Amino acid sequence: MSDLSIIAFISIFTAGLTVSFGALGPALGEGRAAATALSAIAQQPDAAPTLSRTLFVSLAMIESTAIYCFVVAMILIFANPFWNAALEAATQGAGG
Amino acid sequence: MSDLSIIAFISIFTAGLTVSFGALGPALGEGRAAATALSAIAQQPDAAPTLSRTLFVSLAMIESTAIYCFVVAMILIFANPFWNAALEAATQGAGG
Amino acid sequence: MSDLSIIAFISIFTAGLTVSFGALGPALGEGRAAATALSAIAQQPDAAPTLSRTLFVSLAMIESTAIYCFVVAMILIFANPFWNAALEAATQGAGG
Amino acid sequence: MSDLSIIAFISIFTAGLTVSFGALGPALGEGRAAATALSAIAQQPDAAPTLSRTLFVSLAMIESTAIYCFVVAMILIFANPFWNAALEAATQGAGG
Amino acid sequence: MSDLSIIAFISIFTAGLTVSFGALGPALGEGRAAATALSAIAQQPDAAPTLSRTLFVSLAMIESTAIYCFVVAMILIFANPFWNAALEAATQGAGG
Amino acid sequence: MSDLSIIAFISIFTAGLTVSFGALGPALGEGRAAATALSAIAQQPDAAPTLSRTLFVSLAMIESTAIYCFVVAMILIFANPFWNAALEAATQGAGG
Amino acid sequence: MSDLSIIAFISIFTAGLTVSFGALGPALGEGRAAATALSAIAQQPDAAPTLSRTLFVSLAMIESTAIYCFVVAMILIFANPFWNAALEAATQGAGG
Amino acid sequence: MSDLSIIAFISIFTAGLTVSFGALGPALGEGRAAATALSAIAQQPDAAPTLSRTLFVSLAMIESTAIYCFVVAMILIFANPFWNAALEAATQGAGG
Amino acid sequence: MSDLSIIAFISIFTAGLTVSFGALGPALGEGRAAATALSAIAQQPDAAPTLSRTLFVSLAMIESTAIYCFVVAMILIFANPFWNAALEAATQGAGG
Amino acid sequence: MSDLSIIAFISIFTAGLTVSFGALGPALGEGRAAATALSAIAQQPDAAPTLSRTLFVSLAMIESTAIYCFVVAMILIFANPFWNAALEAATQGAGG
Amino acid sequence: MSDLSIIAFISIFTAGLTVSFGALGPALGEGRAAATALSAIAQQPDAAPTLSRTLFVSLAMIESTAIYCFVVAMILIFANPFWNAALEAATQGAGG
Amino acid sequence: MSDLSIIAFISIFTAGLTVSFGALGPALGEGRAAATALSAIAQQPDAAPTLSRTLFVSLAMIESTAIYCFVVAMILIFANPFWNAALEAATQGAGG
Amino acid sequence: MSDLSIIAFISIFTAGLTVSFGALGPALGEGRAAATALSAIAQQPDAAPTLSRTLFVSLAMIESTAIYCFVVAMILIFANPFWNAALEAATQGAGG
Amino acid sequence: MSDLSIIAFISIFTAGLTVSFGALGPALGEGRAAATALSAIAQQPDAAPTLSRTLFVSLAMIESTAIYCFVVAMILIFANPFWNAALEAATQGAGG
């Protein structure tokens, strides 16, 4: 069962690494964008609707890179093709 | 029981790593956004409601990346599919 | 008893690492938010109540990421499911 | 089956690494661009349409580097030529 | 007695690491908050009471993350559940 | 088949590394260029066409370094001369 | 006597590491707070008493994190429970 | 065939490393140059032709260092003298 | 005599590491405090006595963290309890 | 043939490393020089010829360090004296 | 004589490391203090005596941390108690 | 011939490392000096001859550190005394 | 002769490391001090003698930390007490 | 001849490392000093002789740390006392 554990080992480690490193950049980028939006609203309150709209589009764009990472982590944990292939092979080996 | 311990080992380590690294970016990003919100309110007290609303939406957006990490850590500790598969295999091995 | 020590080893190490790394970001972020709040109050003393309220909400939001880490560390030390499973297995092995 | 696990191991690890590191730069770059766009709109509200258009073109350009990484990660997980070759070889070895 | 030393080894190392890394962030964050408080008092001496109160609340909030680390280090040195379990097991082994 | 797996291993790892590290610099550089373009348009709306043209030429120039990396990663995955040579050698070895 | 040396080894190393890393943050934080206090006194000499008092409270607060580290290092060198337990076990082993 | 795989291994890894690290500096440098060009055009629209010409010469100069890296990577993949020598030696060894 | 050399080895290394890392933070912090004191005196020569006094108190406070490190290093070299215990044990072993 | 592969291995790796690290500094330095030249031309269009000349001399000077690296990499790939000596020795060994 | 060489090895390495790392912080800190002193004298030439005196006291304070490191390095090279103990033990072993 | 390959290995690696790391500092330093020269010329066109002369002397001085590195790399590749001694020894060993 | 080579090995490595790391801080610190001196002279040419004198005292103070490192390196190469002891022991061993 | 190669190995590596790391600090420091000299001349052309003289003294002082490193590297390559001792010992061993 050694092959299975290797794949489980690396899938668990990579899933965690992916989602935690993937949170670093977006969180900093969104923090920066939000900070500027706030000081921009304070400077030009009349443009608040335009600024909010632009901010939300930008946040969504930045968030998308965090979501790529989350998706990859979820795939690695719950729909990992390598794990499925290894499980199937182990079953065949046991059934053979 | 060696395979089980490897999976337990990496799940514990990854859960901790994920949640601690995943806290770094959001905390810094939220600190930045909050700091700007405060100086913006001081600069334009009349716009405080708009600024607060924008701040809370942004904080929620940034917090979401920290929550992805927390969710992954919780999955790894309490609902780890690899651990379940290994436990089941160990039980079958013992029962066989 | 080797499997038990491996799990104890990694749980202790991860708990410490999680809580110490998890303190870095929030402490810096809160320091930044608090610093701006102070200079904002100095700049606009009349808005002190609004600023304080916004500051405390933000600090609570940032603190939450540190608390996620503390919670994970406490779970790893006092309510570790992998340790419980290993202890149980060791007891069964000894009783068998 | 050892060769297969090595390829599975490195494919999983590389996919996660690629998508998480690949999210760092674009997220920071987009955060910077969006931040400047927001302060630019606040400074010159009349130019908002031009600024928005330029922002979205730039975000798309920056996002493209994140998408290269996502594409490579997806290829490594779901359409990995090395894995396919190894699987085929393993099948031939078993059938031979 | 080898298992006991492994647990002692990692508990000592983790306790030191936790408390020293956990001191880094809060010390920097508190330094920043205190610095701003001082320049704010110099700028607006009349608001000194409000500023001091806000400063002390913030310092307490930031200090709390350092205290989490100190608590975890103390638990690892003086109330370590893994060490207790290992000691008990060692005693049983010797008494058996 | 050991030689083949080594080449597959390093090709997969290098492809991911190349494209993810190669995305870091261009994303940051493009973010900077775009940010300045936006603040420049806000400062001098009349020069928007000239600024846009210069921006797009610059973005293309910077993007080219990301594309070099993507091209090398694609070559390593789909047109790797070392893999082809190794495959051919393995076939000859099997056919001989 | 091998177990005793492992514990001595790690206690010595951790004590040094703890106190030296633990000095980094507080020294920088105190330097920052003191620097701002000095420039604040120069800017507003009349507020010197208030500023000094606030500075000393802040320095004490920051110094506390360095003292946590010093305390842990002293515990590890002079009142190490793991060392005591190991010494006792070694004595029992020799007396048995 | 072990010598051949070592050379293939290191050629693949070095090619990827070279082109990805080699993209970092030029991308940042070009981003900086382009950013300044844009703000310079906004500041002095009349000098746009001179600025564009100087910008393009500079971009070409900076791009040259990225191209050195790309050339070395291409040589390592497609015209590697060490690989050719090793292939020739392997053929002679097989033919001898 | 192997146990003695291990303790000597780590005591020497830790003493050097402690005092050199422990010098980094205080030196930078004191440099910063002294720099601000000098510019503050230049800005407000009449407040020189107050500034000097505050500077010296701050320098003493910061220096204390360097002195903690120096004390720990001296204890490790000249009054190391682990070394004494090991020497005693070695003497007993030789005399027994 | 083992000695030959070691030399080939390190020559390939060093050539790539040299040219990619060697591109980092010059690219950043040239980016900085070019950026300042552009803002200088915008500020003083009449001095453009003097500025251009000084810029090109400086770029050539900076580029020279990148070229040293490229030259060393080319020597290591195509005119490596150690490789030649090793090849000669291998031929003599085979011919002897 | 193996124990003696281990102690010599680590003493040499630690002495060099201590003095070189210990030079980093003080040199930067003194550079900063000196720089500010120079600009302060230029700004307020009448206060030169006070500034010089404060500068020299500060430089002496900062230099002290470098001297701690130098002292520890000299102790490790010329008055190392562990080396003396090991030499003595080696002599006794040879004389016994 | 093993000794010869070790010396060849390290000479190749060190030559590349030396020239590439040695290019980093001078390139950045020259970039900074050139950048300031350009903005100084723009600010004071009448002093261009003095500025150019000072710039070229400075660039030569900075370039000298890059040339030290290049010289050491060339010595290691083409006039390595250790390689010559090893070659001579190998020849004597073969001739003896 | 193995003990001698270990001591030679570490003495050579430490000497180089000490002098090169020890050059980093002082060079940066002196660069900073000299830079400020130059801008101070430009700002207040009448105070040039005072500034020069203060600069040279400061440079000497900073240079002293580089000289500590150089002295330690020279001691390690030309007056290494551990090497002398080892040589003496080797001679006695050969003469005995 | 193994001892000789170890000494050759480390001497080559250390010489390269010393000169390349030792070039980093001085190059940056000189770049900074030269940059300030240039902007100072532009600001105060009448003080050019004083500024140039101060600049050259400072550059010489900074360059001295680079020269320490170059000297150590040259000693390690061409006048290495450890190499000479090892050569002599090897000759005696061969002649004995």
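Going in written order, the chains are labelled A, B, C, D, E, F, G, H, I, J, K, L, M and N, and every chain counts its residues from 1.
Operating definition for what follows: contacts are C-beta pairs under 8 Å (C-beta built on N, C-alpha and C of every residue); 3 or more make two chains touch, one makes a residue touch a chain.
A quick map from chain label to UniProt name: A, B, C, D, E, F, G, H, I, J, K, L, M, N = ATP synthase subunit c.
Just so it is clear, the structure is predicted and the values come from calculations on it, not from any experiment.
Listed by label, the chains touching chain K and chain L alike form an empty list.
Counted as hops between touching chains, the shortest connection from chain E to chain H is 6. Note on chain placement: the centre of chain D and the centre of chain M lie 47 Å apart, centres being C-alpha means.
Separation between the centroids of chain C and chain H, computed from CA atoms only, is 44 Å.
Chain N has its Cα centroid 30 Å from the Cα centroid of chain I. Among the residues of chain K, those touching two or more other chains are numbered 11, 13, 15, 17, 19-22, 24-26, 28-32, 35-37, 39, 41, 43, 55, 59, 66, 69, 73.
Taken as a contact graph, with one node per protein chain and an edge wherever two chains touch, the assembly forms a single closed ring in which every chain touches exactly two others.
The cyclic arrangement of chains, taken from chain M and going next to chain N, is M, N, L, J, H, F, D, A, B, C, E, G, I, K. Contact residues of chain F toward chain D in the complex are 1-2, 4-5, 8-9, 11-13, 15-17, 19-32, 34-39, 41-43, 45, 48, 52, 55-56, 59, 63, 66, 69-70, 73, 77-78, 83, 87.
The touching residues of chain K, counted against chain I in their complex, run 3, 6-7, 10-11, 13-15, 17-22, 24-26, 28-33, 35-37, 39-41, 43-44, 46-47, 50-51, 54-55, 57-59, 61-62, 64-66, 68-69, 72-73, 75-76, 80-82, 85-86, 89.
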